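See the structures that follow.
The following pair of complexes shares a single chain, subunit A, combined with subunit B in the former and subunit C in the latter.
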Partner chain A sequence: MSFEEFRQVIADVSKVPLDRIHKDASFRDELDVDSLQMVNLIVELTARFGLGSFNLQSDKDLETVGSLYQLMTMEESK
Partner chain B sequence: MNNFYDWIFEQDLDLNKEILSTQRGNFSYRDIQQGVAEYVQLFETLGDIKGKRIALIVPSVYDFTSLALAISKLQGITVPLSPLLRHEDLISVLDFVSPHIVFTVTEHNGFHLWETINQWAASNLKETIILENKEDMKWNQTIHIGEKYPLEEGQIQIIGCTSGSTGTPKGIVYDVDFVQRVGKGINIGLDIFENDKLFLLAPATGVFGLAWILSTMQSKTHLVLSENFNFPEIIQLFESHASKKFISTPSLFKAMDLFSKSLGKQVLNQVSLLCVFGELVTKEFLQTYSDFPAKIMSFLGITEFGTVMYTENDIRNDMNWTLLPNIKYKFDSQSEERIGELLYQSERPFLGYYQRPDLTNDVYKDGWFFSGDLGRTNDDGKIELVGRKKDMIKKGGQQVIPGEIESILEKHPDVLRVVVVGIPHPVFGEQIIAFVQKNRSDLNSQELYEYCNLRIARYKIPDQIRFIEEFPMVQGKIDKVALRKKATEQE
Partner chain C sequence: MLSTDIHKNIMSTMDKTLLTASLFEGFWDRWIVHGVSYHDLAKLRHSIIAKERWFKTWGELAEEKYTMAESIKKVGFVEQAESVYRIAALYYQLNQWLIPEHGGEKLDWLMKSLLVVKKADQLSDIKTEYVELLIDENSYYGRVRIPNNPEGVIIIINPIDSTKEELFSYEMDFVEKNYVVVSFDGPGQGETFTRHGLKATRLRWERFVDMMIEYASNTFPAHDIFLFGTSSGAAWAIYGSGNEKVSKAVAVSPAFRNEEIQMPDYFMERLFAVSDETIIPDYPQIKLQKPVLLVHGKKDVMVKDEDIYGLFENLPSGKILLEYEDEGHCCNYKLPEIRTKAIEWFQGKWGMKDEF
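Presenting the complex of A and B:
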């Protein structure tokens, strides 16, 4: 999945305008995605990436759009 | 018992027993008593709170619980509000419930709750006291002077607010009896014994969370619950408590499973009983967890009425419901197939919707609560639920229940999930559209029509079967409004 497609999925699932979704955007502070919406987003993304799980090291992996993209694509390329 | 504090504390208790745990720590009865005493002291500085509505936007479960118990002890009314509310919905709830006192965290997820509440109170010229804190639990007070709001009378303990299906807030009035019913459901359905430890994954500081906290405290059952939906934190909390009974919605359980695997932890193996509730348990969920090595059961609760039924057997075998003691039921206007709307009655009456006797009279007649659920009794005397009355399709003078068609089609081995909706039809009045998610790519609608032909009456066979890759979702549920719109547009 390209980063552009990834942004689009976030926009569709979280109902955040596409132009606000950039690599360094914080889900919590900039996109106003609360923790339950975050869970919903991750469940949706893992389904679209076809992942049974992903290698979560810490909360930091879920902080920004870029870190989440890295986490998901790392698994996809395995 | 006319208040929650006496209900819990006027019994033999080991005050040192830990009864509540969250990310912030473990709390004994004594800790909570201490918290209540501090809040009682704080309220004494604010004057008599009897009959006053006190809104709580307090994510700390310990403070939320202590506040609710102190309010109940002093005969005030707790109005739990979600910290997720934002400007518009927060203002409309405040206008609706007119709280005398508001306890709120300053901000949540970057939204300044206090600022919005303060502006609201300043503009409506009524006497309102706002107490805010920055999560350090030191309360700063702002008093707005003005005309006094009237006080509540009677046995009201809690007002639960929902945003209402039309966007106009709706309040539901609860008393001690409601929480007792929830407690009875927990104790019987989950087969609780005294040193049990339950793990609850659900919003903790709403009416539902409060009812669970209070009723498990009363039955001396240790409740572990999360104050947020940060899964790495939740998994750590769960792991450190080794709870064997896990209670959540199916979707949150799936998320828990996904995150546990992602962290390389097999924490769910410790579960011996999984209770899923609050949303539809799908065939896909049951298939995914067909090998899950614990019993899976469910509760049926009604927002207005509390828990009414539970499943005795593992729901992977059957989904038949058993009524809780002291709940009576009957059916309203049963069809030829013995399907009718389920009506419930308990020893104490439903207190109604806040300041809306018209809405109360619609659902509560002669002591019976009209649930809107359609069901029937099977040959074993158990209750089967078949759908919602408001989803019922009226086609050519016949009543068609979407749930019935959905469950028939979902028995097809190549079908994953089905949602049936009705849309207008020039001749029949309404026609039946089945949206089908399939798990065999070459499955076609003809095959499904034939499948239905052998199993259900002709008039119930969907007029159209449409395959769909993903269902539109809203707040964790399938968005039937969007599906109806989609079906109508494709006409």
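Presenting the complex of A and C:
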């Protein structure tokens, strides 16, 4: 999963313009993605890219676009 | 390091639920306030990602609690044993809850939970009756707790995704304050759904609430009847406040039909398993009659402020709006306080106009 593909899914699911989605963007404070939308977003990403597993170190992994991308591609890159 | 495993590309409702449970702390708020221990959860939350693991984990923990309750009972600490039995039953509830479809394995786990709940009930000083109401040829299963010389009757209206046994802490609080507690599984809920697959419809919910009130009124004719509901249960408590036999109703975070709110897929799929249509009452159609205590968490992402304020405007006199700045849906962490305030309000000791 490339970062561009990842951004596109976020834009599709969250209805956020693509140009606002960058690595440091906070889901809650900048993209207005609340916890309910976040659930759907992660489910969609997991299903669409067939992610087998990923490791959550802390809830901070879910705070920004970059941290979520890192979380979801960690296993892929092994 | 915490690890999750998902079946690639195929995500059933259970897979989505498990993923959400493993990643989102907020998912567990409801279960924590209903009695799941932080300690048990902290050990397990991120590792329960396959359904088999979920069943095994909660099943083993339930057995552990059950054994603990038996030991405590043997040495004579009856109250503590009752409490631990109820936690064991709650852990079995987690297993039946995960499965959206009725019957089969869901029914097996539910029956285990109900057996343990009965053990707890047998230890209690408070009498428990298990009641089957026949409404339009469908069976509805309920439990009624009856203290000596009760001050009134509280009907708990459970949210659609919960069961009467899950909300045992509500029941215990109200019973300890000397109120009869009536709690049934409605259409699409708990025993009523799991035994016979009775799905929720709006009409069935209307009949169900009407008949619970009728049952309480006929069985305890000398007592005032109060309603207490959270989420969709709160919406139905508001519906019930239109019944002349009800004295007052408490509605915590009542659900609204609001197309702007996008609920998580797993939750919607769970709802579709128990209902083919929207089951929120049509508020403008309700002939609101009796005072309502409306409770709202300002951080609720499922209920909008404007919906709450619009509803409050239309409630009849005697209404109160109680808001919590830092609470979300169902004001989970303020529920013990809310139940205390509710009792005081029922008794006319809190919520007099001058206080607001």
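Things worth noting here:
By our rule, the second predicted complex is superposed on the first by the 75 of 78 C-alpha atoms of A that agree within 3 Å, B and C clash if a C-alpha of one lies under 4 Å from a C-alpha of the other, contacts with A are read in each partner's own complex, and residues count from 1 in each chain.
Rule of thumb we're sticking to: a contact is a pair of C-beta atoms (placed from the backbone, for glycine too) under 8 Å apart; a residue touches a chain by one contact, two chains touch by 3 or more.
Just so you know, these numbers come straight off a predicted model, no measurement behind them.
In the model built by aligning both structures on subunit A, subunit B clashes with subunit C. In the superposed model, A:12 lies in contact with neither subunit B nor subunit C. In the superposition on chain A, A:46 contacts both subunit B and subunit C.
Of the two partner chains placed by the overlay, neither subunit B nor subunit C lies in contact with A:24. Contact with subunit B, but none with subunit C, is seen for A:32 once the two complexes are overlaid on the shared chain.
In this superposition on chain A, the options for subunit B are 57-65, 111-119, 381-389 or 399-407, and subunit C clashes with just 57-65.
According to the touch criterion, the shared surface of subunit A, contacted by subunit B in one complex and subunit C in the other, consists of residues 34-36, 38-40, 42-43, 46, 52-56, 59.
Listed in rising order, the residues of subunit A touching subunit C in the complex are 34-40, 42-43, 46-47, 50-57, 59, 62. Subunit C meets subunit A in the complex at residues 1-6, 8-11, 16, 19-20, 22-26, 46, 261-266, 301-302.
In the complex of the two chains, the subunit A residues touching subunit B come out as 28-29, 32, 34-36, 38-40, 42-43, 46, 52-56, 58-59. The residues of subunit B lying in touch with subunit A in their complex are 84, 109-111, 228-233, 251-252, 254-255, 258-259, 261-264, 476.
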